[in-house]
Amino acid sequence: MVEIFIIPLVTAFLLAIFIRNKKVVWPLFLISNLYILLKLWTLFGKWEIEKTIYTNYELFGAKLSFTLSNNPLGWYFAFFSAVITLVISVFSLGFNQKTKENVAPIWMLIIFSNLGIFFAADWITFFMMWELMGWTSFFAITNGRDKALNEAKYYLVLSLLGASSMLIGIILLGALTGSFEIFASAYGLVQVFYSEKALSIAAIMLLLFAFFIKSAIFPFYMWPSKVYAVGPEDYITFMSSVMIKYGIYPIAMFIVPVVGSLDLPKILNTANWIQYFVGYLGAISAVLGTILAIFQTDMKKLFAYSSVANMGYILLGFASMNIVGFEGALFHAVNHMVLKAAIFLTLAAVIFRTGESEMHKLGGLVYRMPITFLTFLLGIIAAAGIPPLNGFGSKWMIIQALMSQKMIIFAIAMIFASTGAFMYLFRALASIFLGQLPDRFKDIKEVPLTMLIPMIIMMIGMLLIGVVPGVVMKPLTTALRAVGYNVNIASWTSLEGALKNSTIDLTLVFLIFLGGFVISAIMYILGNKSETVPQEDNYTGGEYPEEWGVNADRFNYSYSFYQPFKEMFEPLLEKISIDEFFASIGRNFEYMSATVQGLFRRGEGAVLLFSIGVLLLILGGWII
Amino acid sequence: MNSIVFLIVIPLIAAFLSLFLGKNDKILAYIVTLFNIIFSILILFSGKIPFNVAIGGWRAPYGINYAVTDLTIFFLVLVNVAALLALTSVREIMEYQFYSFYFVLLSSTNGIVLTGDLFNFFLFIELSTFAVAGLISYKRDRLSTGAALKYLILSSTASIFSLAAIGLIYKTLGTLNFADIANKVNNLNEASLSLILILYISSLLVELKIFPFNMWVVKAYEASKTSVNLFIHGMLGTAGIYGVLRILLMVFSKETGKLTLSGNLSSILMLFAFVTVIIGEIGALTEKNMKKILAFSSMAQLGIVLFGISLGSFDALKGVLYIVISNYLAKFVMFLTVNEFSKVSGSTNYLDMKGLGRRYPVLAISFTISALSLMGIPFFAGFWGKISIIGNAVFSGKLELIGAVLILIASVIEGVYYLRISHTFFSQGHEREGRISRVYCLLPMILALVILFIGINPDSFENIISILLDEIKSPEKYIKLILSLK
Amino acid sequence: MIEILRVFLFGFFAIFIGLFFMGIGRKIIARIQLRLGPPFYQAFLDVGKLFSRKSITHNFVMDLGMVMSLAGLVATMLFVPIAGHTAIKTSSNLIVIMYLMAIGYLGMAMAVAASGNPNATIGVSRALTMMLGYEVPFFTVMLGLIIINGTSSLELIANSQAGSILNWNMIKFPLGFIAAEIALQAMMGEKPFDAMIAPAEIASGPMVELSGKYLGLAFLTHAVSIFVETAIIVNLFMGGASNIFTFVLKQFEIYLITVIIEAVFPRFKIEQAVKFLWTVPMSIALLQLVLIVF
Amino acid sequence: MAQLFILSSISLLFIGLFGVLTRKNIVKILIALNIMETGINLLLVAFGYVENGIVPILTSNESIMNLTKMVDPVPQALVLTSIVIGLGTTAFSLALAIRYRYNHNSLSIRASEEEEGVNI
Amino acid sequence: MTSRWDVERFGIGPMATPRQADVLLVTGYVSLKTLKRIIRTYEQMPEPKWVLAFGSCTVNGGIYWDSYNTITNLAEYIPVDITVSGCMPRPEAVMDALQTLMKMIQSGEAGAYKKYKENYEYYKANQDRVLRKTYPILGEKLIQNEEAATSIE
């Protein structure tokens, strides 16, 4: 148990020493991740392992202690994030040959905090790891480049704000329940809830605030698009797949059990107000994330908003307060990890070869990077939640749960978001990989082997989870049982829904799809043979495009892809601009800063202010 | 243990000597400072603590006395070590004025910590004001003269107020001895006590850089040399904190171990405290000059300290001590780093220091560690202070809660500007001619490691702090010691 | 083995019925426009001709995509209960059906976008926008039926309407049926919701670069999608059927309605179409949903 | 009588404060500071003042009998010290003021306001 | 070809792109500008493909026989399977031509597209001869201008 915490630290130190030597850094990074994964593998089922460090430091009359325990739900998250991390670190081997900067030591620290967050058994440890993750990711995002500074600052502010709110929340929780242990405080909170209603709700809300910030839920949905657009691509892959789940895990671990055990009045006989609060935020994130993703021109921003939408789905699953929805949400967390990692790896590969992240400047890369294309294709099929791949099962479970709880608005929002997902996913596919290959990309090649292998692994992973959901569902249900939920251990192939007669067998779905494919392929083979023509040979109303100055670059339809749709939504989006709101706060602080500096720059007035201070003291302390 | 007076006397003698020694002043400074450190450490391990020294055989409360307790010796070591650390940043040859003022400052700060008499305390503060003003104006350029004059006028005004307070105390209680005042303070009526405290605190707050009293800070920091900044921060600031702790918590406290100021005084102080925090952090937000940034930041840190003190609970006080030590160490690291970097880059603008962190990662990492500690990030010393103060503030009342929230917001702002600077250090920069010797990287590194060590293992520091807290909790021991009561 | 045979049987049956409907649809439109119209077997001839021609492809994605598109639709079809039978025993989950259908559209979209013709991409972008338009009201209607039946199994919903015609959801929830009909019109891409094809404007949109067997596959896809969509409506609103002939007859009735509407309407612009779908059918569907749930 | 002392000392204090707050000329500010200081010294002395008191020196054994009539010596000691300090402050400030005049070409406290820019 | 004549009853319908088309109807006179587009369209059609030349103009230039920018015989440039004379031909004539073409296809007579492949050089030479006179309207010049503009920026 302790090794997996020591190893990242030691590795981070070594990486920092060898930082200039790329031949050492990334293999070391890889080996360390491999070790962590193997170690985590052996920890499965050994839920009783625990390590406590006692201190003399007193807070609220009790001595603090830091406990790391192998808790099942944490293991579930930690294990899958370790798998993803390992895959990404293989990718980094090849990816970082060109880059000047080196994010590895900081990244290793983040991996340390990653494990810490998932294995923390008390809030203080959790908070410490949480903060560690916050500032390290600032450095990882900027990675020594000035162009990333503003975005990273935005992230830093949000993450520090979240941590601050969490600190107050934890303190409230500790004072209310008398314990900083996560499980104990959950039980305690349920007991004191009715007597200390306002404080308990405040504690829950403060914690949720922090979690929502980290998972980019509605009012804080802006940071992924900013950060992903500028961060180093391989690290961004980690961030978008693993780090965005940090808000999800504690909600599953703490908020859901607590709210689930409370007996709150129900609105319209369906759910209580906390459920509706969480659900509405989730629904807004899902819908808004989708709409904004549709309008992006930068591919990393597009998938950033897609992440926001996916976080919305997960939150909707939690809001249903139904065991199927809960399982679905947790399942979706891992699914999203896998598919987002796959997608961002391909994006990183594209950027590695072309150096371009604006979609309308790309196109036709399928001619040069077929395997990357295939990974991306499977990734977007998974992200769209289409059956034989992995995004489907979890989305299906969440929708089932929402329908069984009669949460109609949420179900409609979910459908809106996942249909809208086709729009932006297809846009990315068409603009990056399909269409005409511009001349300047004529001689690029497929990425090297070290980058191909991870992509192929991700492809297999997506297909595997999609066809045999038990790969994830079995550990998940085992973990949930170990935590104390009354769930059946899932079978390898099928998923159980919340409604009547709604068990689906995903393997069967895959087989049926194969059947359809065979029929279709037969029709295809029956047809006469076809001839391949170059990409320039296209129907253009009989014109020669080159005569009109139209080259392959311009012959793509990819800039204002959904212009009519955008025109429908533009008036709405212009009015509500959270981004502008945050920016104005920032500006106001800067004005205030200038004023304060001016105050201190003045030659006179020192004694005046001194006298005012004394006057205030006399007024406040003596006269009143 | 009458030799405790050497701590004050020897620097004073050295101040005279330095007028004649010329270039050997530096050696003298090191010798005297080392003497002070060794002497105070010897006292620390002599096992005789606590003890009381009556000067000239006049027993307290009739004569002046120097008392050495756990709290005293802790701050004594801090002040003297600060002197040594600050001296290491003096590279060029200084004229005798510098060293002369330095010795006066050393002597007076030692005196502030040691003395057990209110008037004596005032005297040493006045002396240190001289010394600091002299040190600030040492450069003799436009900026430093203006800054020194500003500081001098402000502190003279403040000293007049404190003198009035001393008069009032003597008038009402008939004594100026700390222990005796503490003994008799219950005889005072609320109104007089409030007035006295108001007048006295307002002069102390000038040294503590609390908002409406701190107009001198930024200019003074900007105008003076790094070593002088460190003197102000490490010696004067630390001694000031000691004064506040001693006078507010042990001398003028009606109940033991509580900051039971009359009326709304503690609320007003708290208001001042968090206004200072906000002002300090906001002022630093868009500043480019590193020295000004550090000045604003130390203002804010002392605001947090005062906030913790005015909360009036021992848990918060523990947090205060953590903050004090974290700020003490971190500012040293930062000033030393900035000193080295500005020598290479030729400017104190942090944007000019681009890329230096890549060439001198040790310095830049040390800087980052200190910044994180100031922000109150876990794994660094400041966190233990922050969590304690915030934790106690949340439940104390509405004003305290607002203060806690404001302090958290301020720490976010602090994070923004400090990590931006760290980032600038690590970003791609251009080649420079100057070089920094590895030796100079060593000290910041060691101090940063200490911060890290305390942050990871608060136990190491917790024991010291619990001893200090024990003393603050029971001022009657102090009274007994000095008045030799049974 | 039997299962595989059933899969093939059902698949080809759907293709056959779909093409048959298409042929009859053309004939009906011709009759409405006072023409003679092609023979009802014209669709078979067309497909036969297309498969026998040489065809042009741009890259392997086109082949893959077209095969995928038909595969997706056929797979969807295998989930839809036809007169109480499915090819393989499943719970015929509605959500699965809706999502499986999407893979067909995705395959088609991918194939045509791979050709590199901007007209095709414009068509696809319109089709996807339209999809967002009709899926939402259609799902809202479905949601009502799912909630009232407590199941998302299409088979169970169909079975629940057994008995007299008065048990049909079409009679019980007329508003929902109307909304679903309008959504179906858009789902099939018939006028007035055919902005994505628009031959005069964007050269038949997605199909612009399809030739020979690719166009043939697209035809088949369309045929199967007609079959699937009408079958879903029949199961949802008309209580399925006891035997296959009644089922196909009911499907045909549904198809007839869409064809008649198509014959007499002009075309919406894409944003008009989406706005229309989100206002009229959506509010009808929501009204129905509110009536059902509360 | 003591009240008169206290009143006059407090009025001196406020006169001085007014001067410090309103004057822009540094020398005038320093003069005002000195007025304040005088005021405070007077205050201290007034605190220890005893009506018709005698010098607090034990000259003979009889004088012990008159302890209560003696003026309190401690405030006087304090005042002495504070006068010395005040002198020092004034001297040092004036020296700085000369330097200020030399640097800024002005004695106005506002002259240092325009200082900007960065130096080591 | 509208509902009055209803060619759809023979299974014939207009198609929006050459990729989907079997028969290319060249209706009316062919100017050089048009010829260029006709050739490209014809080459883009998948095999088997047929050409129906429509009206006198495509056969001998019709009333444009001496125009400087109109070709007189379409068959010199792309292989024509069947021609309909008349100026304009009646719809019945066109329908008759289409049906004749269908019969020809069934009997294997209509295989002009093979000729085009076999005698590609001949056709190409003919095309080049007349098309040399046409210049792209924007073409190279436009691209150069744009490049110049961007370089100035």
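Labels for the chains are A, B, C, D and E, by order of writing; each one numbers its residues from 1.
Quick note on the criterion: contacts are C-beta pairs under 8 Å (C-beta built on N, C-alpha and C of every residue); 3 or more make two chains touch, one makes a residue touch a chain.
Chain by chain, the UniProt names read as follows: A = NADH dehydrogenase (Quinone); B = NADH dehydrogenase, putative; C = NADH-ubiquinone oxidoreductase chain H; D = Putative Na(+) H(+) antiporter subunit C; E = NADH-ubiquinone oxidoreductase chain B.
Just so you know, these numbers come straight off a predicted model, no measurement behind them.
Asks: Indicate the lowest number of steps between subunit C and subunit D, counting one step per move to a touching chain.
Replies: When the steps are counted carefully, the minimum from subunit C to subunit D is 2.
Asks: Need the graph distance between subunit B (NADH dehydrogenase, putative) and subunit D over the touch network, please.
Replies: The fewest steps needed to get from subunit B (NADH dehydrogenase, putative) to subunit D is 1.
Asks: Pick the pair with more C-beta contacts: A-C or A-D?
Replies: A-C
Asks: Which chain is the middle one, judged by CA centres?
Replies: Given all protein C-alpha atoms shown, the central chain works out to be A.
Asks: Most remote chain relative to subunit B (NADH dehydrogenase, putative), going by C-alpha centroids?
Replies: It is E whose centre lies farthest from that of subunit B (NADH dehydrogenase, putative).
Asks: By CA centroid distance, what chain is farthest from subunit D?
Replies: E
Asks: Starting from the mean Cα coordinates of subunit A (NADH dehydrogenase (Quinone)) and subunit E, work out the distance between those two points in Å.
Replies: Inter-chain centre distance comes to 56 Å.
Asks: For subunit C versus subunit E, what separation do you get between their C-alpha means, in angstrom?
Replies: That gives a centre separation of 37 Å.
Asks: Roughly how far is subunit A (NADH dehydrogenase (Quinone)) from subunit B (NADH dehydrogenase, putative), centre to centre by C-alpha average, rounded to an integer in Å?
Replies: Spacing between the chain centres: roughly 44 Å.
Asks: Provide the C-alpha centroid distance between subunit B (NADH dehydrogenase, putative) and subunit E, rounded to the nearest whole angstrom.
Replies: From the centre of subunit B (NADH dehydrogenase, putative) to the centre of subunit E is 94 Å.
Asks: Can you pull out the residues of subunit D that are in contact with at least two other chains?
Replies: Correct list: 17, 20, 109, 111-112, 115.
Asks: So which bits of subunit C are touching at least two other chains?
Replies: Residues 53-56, 203, 208-209, 212.
Asks: Check each residue of subunit A (NADH dehydrogenase (Quinone)) and list the ones that touch at least two other chains.
Replies: Residue numbers touching two or more other chains: 531, 537, 539, 541, 601-603, 607, 611.
Asks: Chain pairs that touch, all of them, please.
Replies: Result of the pairwise touch check is A-B, A-C, A-D, A-E, B-D, C-E.
Asks: Spell out the part of subunit A (NADH dehydrogenase (Quinone)) that touches subunit D in their complex, as residue ranges.
Replies: 601-604, 607-608, 611
Asks: Which residues of subunit A (NADH dehydrogenase (Quinone)) touch subunit C in their complex?
Replies: Listed in rising order, the residues of subunit A (NADH dehydrogenase (Quinone)) that touch subunit C are 268, 364, 366-367, 370, 373, 377, 381, 384-388, 392, 396, 399-400, 403-404, 406, 408, 411-412, 415-416, 419-420, 422-423, 426-427, 429-430, 434-436, 497, 499-505, 508-509, 512-513, 515-517, 519-521, 523-524, 526-535, 537-539, 541, 552, 555-558, 561-562, 564-565, 567-568.
Asks: Over in the complex, which subunit E residues touch subunit A (NADH dehydrogenase (Quinone))? Could you list them?
Replies: 17-19, 36-38, 40-41, 44, 46, 136-139, 142-143, 146
Asks: Could you pull out which subunit A (NADH dehydrogenase (Quinone)) residues touch subunit E in their complex?
Replies: Per the stated touch rule, the residues are 531, 537, 539-544, 546-549, 551.
Asks: Report the residues of subunit B (NADH dehydrogenase, putative) in contact with subunit A (NADH dehydrogenase (Quinone)) in the complex, numbered from low to high.
Replies: 146, 150, 153-154, 157-158, 161, 191, 194-195, 197-199, 201-202, 205-206, 211-213, 215-219, 261-265, 267-268, 271-272, 279, 282-287, 292, 315, 318, 358, 361, 372, 375, 377-379, 383-384, 387-388, 390-391, 394-395, 404-405, 408-409, 411-413, 415-416, 419-420, 422-423, 426-428, 457-459, 462-463, 466
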